[in-house]
Structures are given as C-alpha cells and as structure tokens.
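Next come two complexes, and both contain chain A; in the first it sits with chain B, in the second with chain C.
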Partner chain A sequence: MLTILFDGIAYGMLLFILSVGLAVTMGLMNFINLAHGAFAMVGGYITVLLMQKMGVPFLLCLPLAFIGSALLGGVLERTLYRPLYHKPHLDQVLFSIGLTFMAVACADYFIGSSQQIVQLPEWLKGRTEIGEGALMLGMGHYRVFIIVVCAALTVGLQYVLTKTRFGSQLRASVDDQRVAAGMGINVNMIFLGTFAVGSGLAGLGGALGAEVLGLEPTFALKYMTYFLIVVAVGGTSSITGPLLAALLLGIADVAGKYYIPKLGGFIVYSLMILILIWRPQGLFVRKGGK
Partner chain B sequence: MHKRLFLHATALAICGLAATNAIAQSNTFKIGLILPMTGQQASTGRQIEAAAKLYMAQNGDTVAGKKVELIVKDDTSVPDVTKRLAQELIVNNKVNVLAGFGITPSALATAPLATQSKTPLVVMAAATSSITEASPYVVRTSFTLPQASVALGDWAPKNGIKKVVTLVSDYGPGIDAEKYFKERFIFNGGQVPESLRVPLRGPDFAPFLQKVRDLKPDALFVFVPSGAGAAVMKQFLERGMDKAGIKLIGTGDLTDDDQLNDMGDGALGVVTSHHYSAAHPSPLNQKFVDAFKKANPGLRPNFMAVGGYDGMRVIYEALKTSKGQGGGDGLLAAMKGQIFESPRGPMFIDAQTRDVVQNIYLRKVEKKDGQLYNIEFDVIKDVKDPGKAK
Partner chain C sequence: MGTQKLLQNQGRWKLWEIPLWLLALASPLLLGSHALIINEIAIVALFALSLDLILGFTGIVSLGHAAFFGMGAYSAALFAKLVMPDPLLGLAFGILTATLLGALCSATILRGTDLTRLMVTMGVGLILMELANKLDWLTGGADGLQGVVMGPLLGQFEFDLYGRTSAWYSLTVLLLVFALARRLVNSPFGATLKAIRDNRLRTMAIGIPVNSRLALIYTVAAAVAGTAGALMAQTTGFASLDLFEFHRSADVMLILVVGGVGWLYGGITGAIVFKLMQDALSSITPQYWTFWIGLFLVVLVLVGRDRLIRPWRWFKPGHSGSQS
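Moving on to the complex of A and B:
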C-alpha cells in the first residue's frame, strides 16, 4: 500500500520536473513548445554519454545535464524560437514538432537507437523497508533521491517566481511586453533566461528519468503526451498546479497498474478526461490570471 | 499538349529502364531484406544485416551462376511500411526472396503478398507461432516463443520452483510465451497465481514488479522484447526481489547477448531457455562469433544474428539445389527439409510446417573472461514448435 503510494509520488515528482519547464514556456511566455521532450532527451543523453564514455560520476552529470540543455535552449531561443513568438500558435506547434522529429532522427543517427543503460552509484541502488504487512513501506533509494531533488527544485522555483525581482520582471514582461520594455526591463534577456532555465529543467528531468523511464531516441515523443497532460490538468498559471497534477497522475498511474493491471495505462487518460470535463481550464487556475 | 508529350516520353523512358532491368535481372538473384534499422527494434536489424553480410562475405556472392544481390530496406518496425516496401521489392525490384522481418505484425502484414506473388518469405526474427500459417510461402529460421518457453515449464518444477508469476509484454509473442509456459508448468504440477501483461510502451515496471513481490512466488517468468529486458532486470534488483527469495527466469530475450554485458553483475545466475547463446560451445559457433566480432567491432552476435545467418544459408542452399529453376515454388521446395549444422547447433526446416526444429538450451548467466555470457547447462533436443502440434 504505502510502497505504491511512495512509488507514485516519486514517479509524479519526476513527471513534474520534466513538465514544469513546459508549463513555464506555455503559461508564462505563451509559446507552445512541443520540442520540450527533446530537451529532456538531450539531458538524458548528456548524462549517459558522460558516464559511459568519460566516467564522470552520476551526481556531477546532473548539473552538467542541466547546463548543457539550458545552453542549447538558450542558443535555440536566440536563433529559432524568438522569430516565432508573435506567430500564431499553429505555426509554433508545427515548428516545434518538426524540431522534435529532427531530434529523434539525430539521436538515432549519432548515438544509435538501443536503450541506454545508466549505471547508478552503489549508494543509490539499495532499498530501505519499514513496517510489516499491508502497511509496509519499501523505498528505493534512487526514488527517495528523486523526491528530494524535485522537492528542493520546486521550492526554489516557487521562490524565484513569486519573491524575487527576476520573477516580477518576468511576470511583467509576460503581461505586457511593450510596457515592461518601456519601464526599462530587458524583455529579450528575461525571455532568453526563462527559456534556457525551462530547457535546463527538462534536461535535468531527462537525466534523472533515464534510469526509471528508459532512454532511447523516441523518448522525445513518447513522453510528450505525459507532459501535455500534466500541463493541461494542472493549468499553466502557477507551478503548484502542475506539481499537484503531476503527483495525482503519478500516483494514479502506479496505483492503477498495480490494482487493475488489465487497464494499465488507461487510468491516466480517463482521469484526465474527467478532470477536464469538470474544470476545462485545468485544476488550479487563478481567477483573472492569464 | 506538352504535358501529354512529357507523359509519353516518361512512359517510354520507364519502359526502357524496365527492359534493361529485365536483361540485368536474368543473371542476378535478388534478396529483399526488410528489417527495422531505426526505431525501437533497431538492434534486431543491425544484427541481422551484419550476419547476412558476413554470410555473403564468407560464401561469395555468386551461387549457381547467378550474382546474389542483397537489397536492405528499413521498415522502422511499422507493419504498413513493411508491406509497402515488400510490394515495391516484388514489383519494382523483382526480388526472388523476401527476408528479414523484425516483428510479428510486420511478418503477418506481408504474408499475403508472398502468397500472391509466390515469393518465398524467410522470417529471420519474428517469433509468434502462427506466422508460418499465414502463408504457404513463409519459412522461418529464428525460433518460436512456445518452443523457448515450454522448456522452462519443464525445468522449473524439477528445480524447486513451484509457484510462478508471469509477466509478458501485451502482444503476440508475449501472449504465446505466457500461454505455453503456463500450460506446461501447470501440467507439471506448478501454480501460476497471477499473469501480468504490461503495455508494450509502458516502460516503468515498478507497479507490476511490486505486485509480484507482494504475491511472493518462487520465481518470476518474464518475456519482454529484447531491449526492455535490461530495464526489467534492473528494477527487479532495485526492488530487492532477489533478496526476497524470488528467482528471475524467462526466455532468452531477457538476457540478450547484445545487451547482457551492460546489465552488470546483477544479471548473474538468471536462468533462461533459448536456442542460441554466443557462448555455445561448438567449433562452428566459435568461428562464427570470431568472424562476426571481427567484421563488426564492439558487437557480439545474438540470437537475431544467428537467425539471419542461417536464413542466408537456407536461401543460398535452396538456390544451389534448384539451380535457379522453378521460380519461387522451386526455391520454396528446396528450402523445405534442409538439415544442417548451425552455430546454434543442429537445425532442421520442417517440410510440413516450414518452421525450424532445433535444440533448446537451458542457460545461466555466468562470468567468462570478464564478460557476462549465457552458459548452457542442459539441452532439450530437437524441439518442434508446440504451437503446431495441434
């Protein structure tokens, strides 16, 4: 029982880190970036290649995956994304999905299409068990690690967005670019920074998730549905929305597969349909928010 | 008017090309090899292509006075694409034999084309029992899952495993593996309290494995397509299931030679049943493995490779015997009933079912020369596909 709940939370946290960048670009920057999964995949491959080819320790790979994907995100924002900010959403969707397919083909060509295997350090491999019988809680150390990292990131992000000067500037730039620019805010820099961080978070999610979700070139497409569900259910106006949505979906997915294996993956979709019928704008939308 | 002229010119040009093709064709023998070279099953394609090329390099590309030409096409494991490529190969390239076929749905989608065009279709990988029944022109040189799983259903009860939970991927081969293992295991007095089918594209095995752990069987029987096996094994260990006294058993896809080394020492001791191991102790296999490794650095041949290698042999020998006479039917007749020594051991193409009859080995993962291998410790001789027995 508790083990299932624990696994669900870890899975949900992972989904959250993978999707939060998308929530930021979609909700705050109003850009539909379906290539988000590709940035996650880049992070995953950075980790795997660094570990396999150069023997870099796992913990060091995580920040490198973040930085690598963030840099890539930044460069692409300057060169490819920026001209599309004022284009219709359909153009953005077509552009970013095209980018995704290119990423899949590139990964396939340069790295090969087989599943990459991450070798975790010993101290992350074990498992701790507490209690007996139905209430037994078994915690894989790696999943505990995921939960801790993700929780820390959530708190950090929430703080940056609501309490710091950068957060206010970002929200101002989103609400009205012209006025914000008139007030002396460098809108371009703010958007560049935000997009890079969003991509970096995706990359970190990919690096953390390579162990649990598996990593191969179709990663970018395979998890796109999940990112979109999290963002659709959670709404895009805050980061608590996607967080709770990701947790809900993670737990529902794991519990569904445990208790009703025959229905397996469908639980998530049914849940999404029900929630969206009930609240079409997403679960946690501020009144009057954008 | 101009348009019409252009059309005529093009039509003429095409006729001309076709004519030159026809002249060239009489002296070439074309094998259309359709494989997943990209996508999830790409390792299958890579292994089979490498093995087919190795066979041609070792045996020359002229057989019975004809030049053998290998045309490799990538179907990305999408059955519609396989079918379209097969059609193109038959109509445009006029291939004499179709071969390859990484997954069951691809082989099944193409089978009707083989029947219509009377082209032999040599299945080198796909392993659902029913494929050979889909067309009288299908010949198989890989294996079938009932073949591999039944052996384990015999072995397990004799070795203290009385209660088993099965976990398979929810598609043709998985369902075959589940059905035939279960039938045989229960017949031998075993119990199967739960049979889990996981979605083909649902890669987090955590909830399913937790369920297995809570059921506390003596062993977990697994079939997942090769590639996903490593993920299952890692999560199995991460969940501490080996320490809870649950053994991991399965068909050889689980400890695929292509990936076994990357799985780490956790894989040690896993028992599987299959028709081929790179460590099969025969001089012929030793030669095959060495040549394969030499031609493809960093790659170890797996059961897919041996399916492709033997498939090429079956085609070559059929061409030799029929001397290129009799077209597709002549070739097919010469393929049926071939008996020969393969790197996997003795094998036989059953003339009635056109399916492979071969030894199934029980193997355990052990360390040899610092690498992980499936070491064979028992053999069940000449196993015919149990799916055809009825």
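Moving on to the complex of A and C:
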C-alpha cells in the first residue's frame, strides 16, 4: 500500500518536472507545444551518451542535460517558435508534431532504436524497507533521490516565480504582454529565458526519468500524452495546479497498473476525460481565472 | 430568396468536376497495376474528408479522429468474421457503430478550449486502442484481427488480388459520401457551421443552437470516418491496433492541411499528394521517412499553409495562415 503510494509520488514528481515547462509555454505564450517530449528525450539521450561514451559520472550528467536542452530550447525559440506565437492553434499543433516526428527519426537514425540503459551509481541502487505487513514501506533509493531533487526544484521554482524580480516580470508579461512591454519589460527576453528554462527542466526530467520510464526513440510521442494530461488537468494559471495534477496522475497510474494490470493506461485516460468534461479549464483553476 | 439562390449556386456541380470524377472512376482500368494504391488513396481521401467536416467547416481541432476510423474498421471486420461476409451489410454495421461512438463522444467537444478538445479527442483514441489491445479474445490483441474473408460485392464481384474491385468499391463510396457532404455544407445547416467557425459568440447571439449543431456535425464526421475505416478493413482483410494510433490522426490532419482546409476537394488532393509522397519517400528511405514528413510539416507552417494551394502567392508578402 504505502509502497505504491510512495512510488506514485516519485512518478508524479518526475512527471511534474517533465511537464512544468510545458505548462509555462501553454499558459504564458498560449502555444500548444507538442514537441515538449522531444526536449525531454534530448536530455535523456545526453545523459546516456555522456555516461556510455565519455564516462561522465551520473550526478554531473544531470546539470549537463539541463544545460544542453535549455540551449536547444533557446535556439529553437528564437528561430522557429517566436514567429508562430500569434498563429492559430492548428498551425502550432502541426508545427510541433512535425518537430516531434523529426526528433524521433533523428534519434532512431543516430543512436538506434533499442532501449537505452542508465547505469546508476552504487549508492542509488539499494532499497530500504520500513514497517511490516500491509503498512510496509519499501523505498528504492533512486526513488527517494528523485523525490528530493524534484521537491527542491519545485520549491525553487515557486520562489523564483513569486519572490524575485524575474518572476514579477514574467507574471506581468503573462497577464498583459502589451502593457508589460510598455512598462519597459523586455518581453522577448523574458519569453526566451522562460522557454529555455522550461526545455531545460524537461531535459533534466528526461535524464532523471530515463531509468524509470525507459528511453527509446518513441519516448517523445509516448510520454507526450502524459505531459499534456498533467497540463490540461492542472490548468496553466499556477504552478501548484500542475503539481497536484501530476501527483494525482502518478499515483492513479501506479496504483491502477498494480491493482488492475489488465486495464493499463485505461484508467488514466478515462479519468482525464471525466475531469475535463467536468472542469474544462483544469481542475485547480478558480472560476473566472485565466 | 437571394440567400437561397446563393447557397444553391455554391452547391451546384461545376462543369470541370464531372470529367474529373469519370476519370477517377476509370482509373482502376487505365492504371490496372496500381489499383491497390488507388484504393488506398480513395480510403484516405474519405477519412480526410471526414476530418474536414469538423476541422475545416467547424474549426474544431481534433487529434483523435483515428478512434472512429478504427471503430469502423474493427466492427466491419468482426461483422464479416462472426456474422456474415456480405460487404455492404458490413459497411453499414461499421458506419452504425462509428456513428454511435461519435454521438457519445460529441458531448466531449462542446466545452473548453482548443487544448481541452485536443486532449479529450486524443484520450478517446487512446482508450479505444487500450480496449482493442486488452480484449484480445475478440480483437486478436496486438497481433491484429486476422482471417477476415469478404464475400463477393452485390453477390457478383469477387475481391481479387489486384484490388480492382476494391478500388471501384472505395471510389464509388467516396463519390457518394462526397456528394452528400457537399449537399450538407452548402445547405443552411452548413452555413451555420461556418458561422460557428468564424465567430462562435456571435453565432450564439443570433440564436443558432451552437452545441446541438456541433454535436450533430461531429456525429456525421464520425460516421464518415467509420465508413473509411470499414472500407479499409474490408479491402485489406485485416484490422490491427495501428488503426487507432496517434500517428494516424496526425497523418490525416497533415493530409487535409496539405490539400487545403475547408474545401471539400482538399482531402482528396491531400490524399493523392501524401500517398504518392509516402510511396516515393519510403522507397528511398524505408525507415526514416517520418523525418521528411516532419520537415515538410515544419516548413509548411513556417511558409504559411494557405499559400501551398496558391503557388502564385508564395513569394508575395502579406498575411498568411489566418484561417483556422
């Protein structure tokens, strides 16, 4: 019981880090970016390749994965994404699907279609068990590590968004681009920075999750659905919405796959449809919110 | 009176269309060795036509249209296997189940934003894929539904290996559905759909029941997609999980956009271009042709997709991609 809850929370935290960048893109720039999973995949592959080919230690790979995907995200934002901000949603969907298809084919071509394995360092491999019987809590050390890292990131993000100057400027740009620009805020730079950080977080999530989720070229398409569910269910107006949605989804998915393995992803998708029919703007959005 | 005349004029068949359709119907004879691909093009065109009804004429972005395609295919295949092998009855059964599913799902697209609709439509497709995968005693699971044998069409025309009967069968159905769709979008009902696409709030304000119109057209589109799926299963004698997959929904959207959204011939043009392109590309790079499709999509959006069907505007500055 508790073990499932624990695994669900770890999984949910991971989903949150993976999708928070997407929540920002959708909420901030009103851009439906289906290529977000591709950035996560890039992070995962950076980690795997650095570890296998150059023997870089795992902990060092994580920031490198963040930087690598953030740079890629920044470059793409400046060159390709920016002209599309004010295009219809259909254009954005087509564009980002195209980007995803290209990423999948590229990964297949350059690295191969087989699943990649992440060699975790020894100290992350073990498992600790507390308690007995139905209340037994088994914690994989790597799961603990994921929870700690993701929780720290969440707190950090929340701090940056609510307490810093950059956060205020970002929120101003979200609420009204034109007024924000009139007040002397460089909206373009803010958007560029935010998009890069969002992509970087996706890459970091991909690096962390490569061991749990499995890394192969179809990763970008397979988990795209999950990121989108988190964002759609959580709403894009705050950071707590996606967090709660990710935790809910993580626990529901792990529990569903454990107790009723025959149904697989069925539970998650049905849950999403019901929630979205009930509250189309997202579960945790106040009425009249954006 | 004037409006009615206008609608009638729009709906009238133009002179150039008749030889075009005659040519299409004659193509299995003229290009006998390519009957299989003609059949496939006709089916894909029908599928794209169905998406056009909701995307082009109503402005609803759907990423789960494969759900209805797969539903029609699986029910037609199961009907042939378990009940009787008559193609026309199987087609009717496929259309019926897809219509029911469409009516059921139409409740999901009435509320929310583009994002919500994308998610919900995608979710329905994924759920059906999970179901087809898990109900393996009925659908064959991941191996697909094999051993579908069709009886002769109208009791006379056998489905042969060269696919000539299949091609005529699919082309005829395409022509029929096309004529019906054309009648529909040029009716007063179709005019209200376009009004909803262009300005939903205003449409509501002048007293058009937006929700029931949306639900109705979504159901009709589902029925057409089911028709395409049923044809696919009947002419290939096979149905698999691949029918429900995400890339199928994405492909059909691409096909429609290539051909032109909101124009009934758009789906057909797109299907011809796409299938020929797929044929050519996959013979050059069998494994990585999705890369070129992706590149094509990206370039298409950056250039502005409404320019693709109007080549003389390619190098002119000005607005692009304003329709949705």
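As a working rule, the second predicted complex is superposed on the first by the 287 of 290 C-alpha atoms of A that agree within 3 Å, B and C clash if a C-alpha of one lies under 4 Å from a C-alpha of the other, contacts with A are read in each partner's own complex, and residues count from 1 in each chain.
Here is the rule we use: a residue touches a chain if its C-beta (ideal position, glycine included) is under 8 Å from a C-beta of that chain, and two chains touch if they have at least 3 such contacts.
Bear in mind the structure is a predicted one, so any value in this text is a computation, not a measurement.
Looking at the superposition, the partner that touches the larger set of chain A residues, chain B or chain C, turns out to be C. In the overlay built on the shared chain, the residue A:Leu221 is in contact with chain C alone; chain B does not reach it. In the superposition on chain A, contact of A:Arg127 is made with chain B only, not with chain C. Of the two partner chains placed by the overlay, neither chain B nor chain C lies in contact with A:Leu59.
Of the two partner chains placed around the shared chain by superposition, chain B and chain C are both touched by A:Gly265.
When both complexes are overlaid on chain A, the residue A:Ile4 reaches chain B alone and has no touch with chain C.
Applying the stated contact rule after C-alpha superposition, one finds that A:Met189 touches neither chain B nor chain C. Of the two partner chains placed by superposition, A:Val179 touches none, neither chain B nor chain C.
By the touch criterion stated above, A:Val155 is placed in contact with neither chain B nor chain C.
Residues 108, 262, 264-265 of chain A are contacted both by chain B in one complex and by chain C in the other. Chain B makes touch with chain A in their complex at residues 38-40, 42-43, 170, 196-199, 201-204, 206-208, 210-211, 227-228, 230-231, 234, 237-240, 258-259, 262-264.
Those residues of chain C whose C-beta lies close enough to touch chain A in the complex are 55, 61, 63, 107-108, 111-116, 118-120, 122-124, 126-127, 130-131, 133-134, 246-247, 250, 253-254, 257, 261, 287-288, 290-291, 293-298, 300-302, 305, 321-324.
Residues 26, 32, 80, 83-84, 87-95, 97-106, 108-109, 221, 225, 228-229, 231-232, 262-266, 269-270, 272-273, 276-277, 280-281 of chain A are the ones that touch chain C when the two sit in their complex.
Remark: chain A residues 3-4, 7, 11, 108, 112-115, 117, 119, 125-127, 129, 138, 140, 142, 211-214, 216, 218, 222, 253-258, 261-262, 264-265 touch chain B in the complex.
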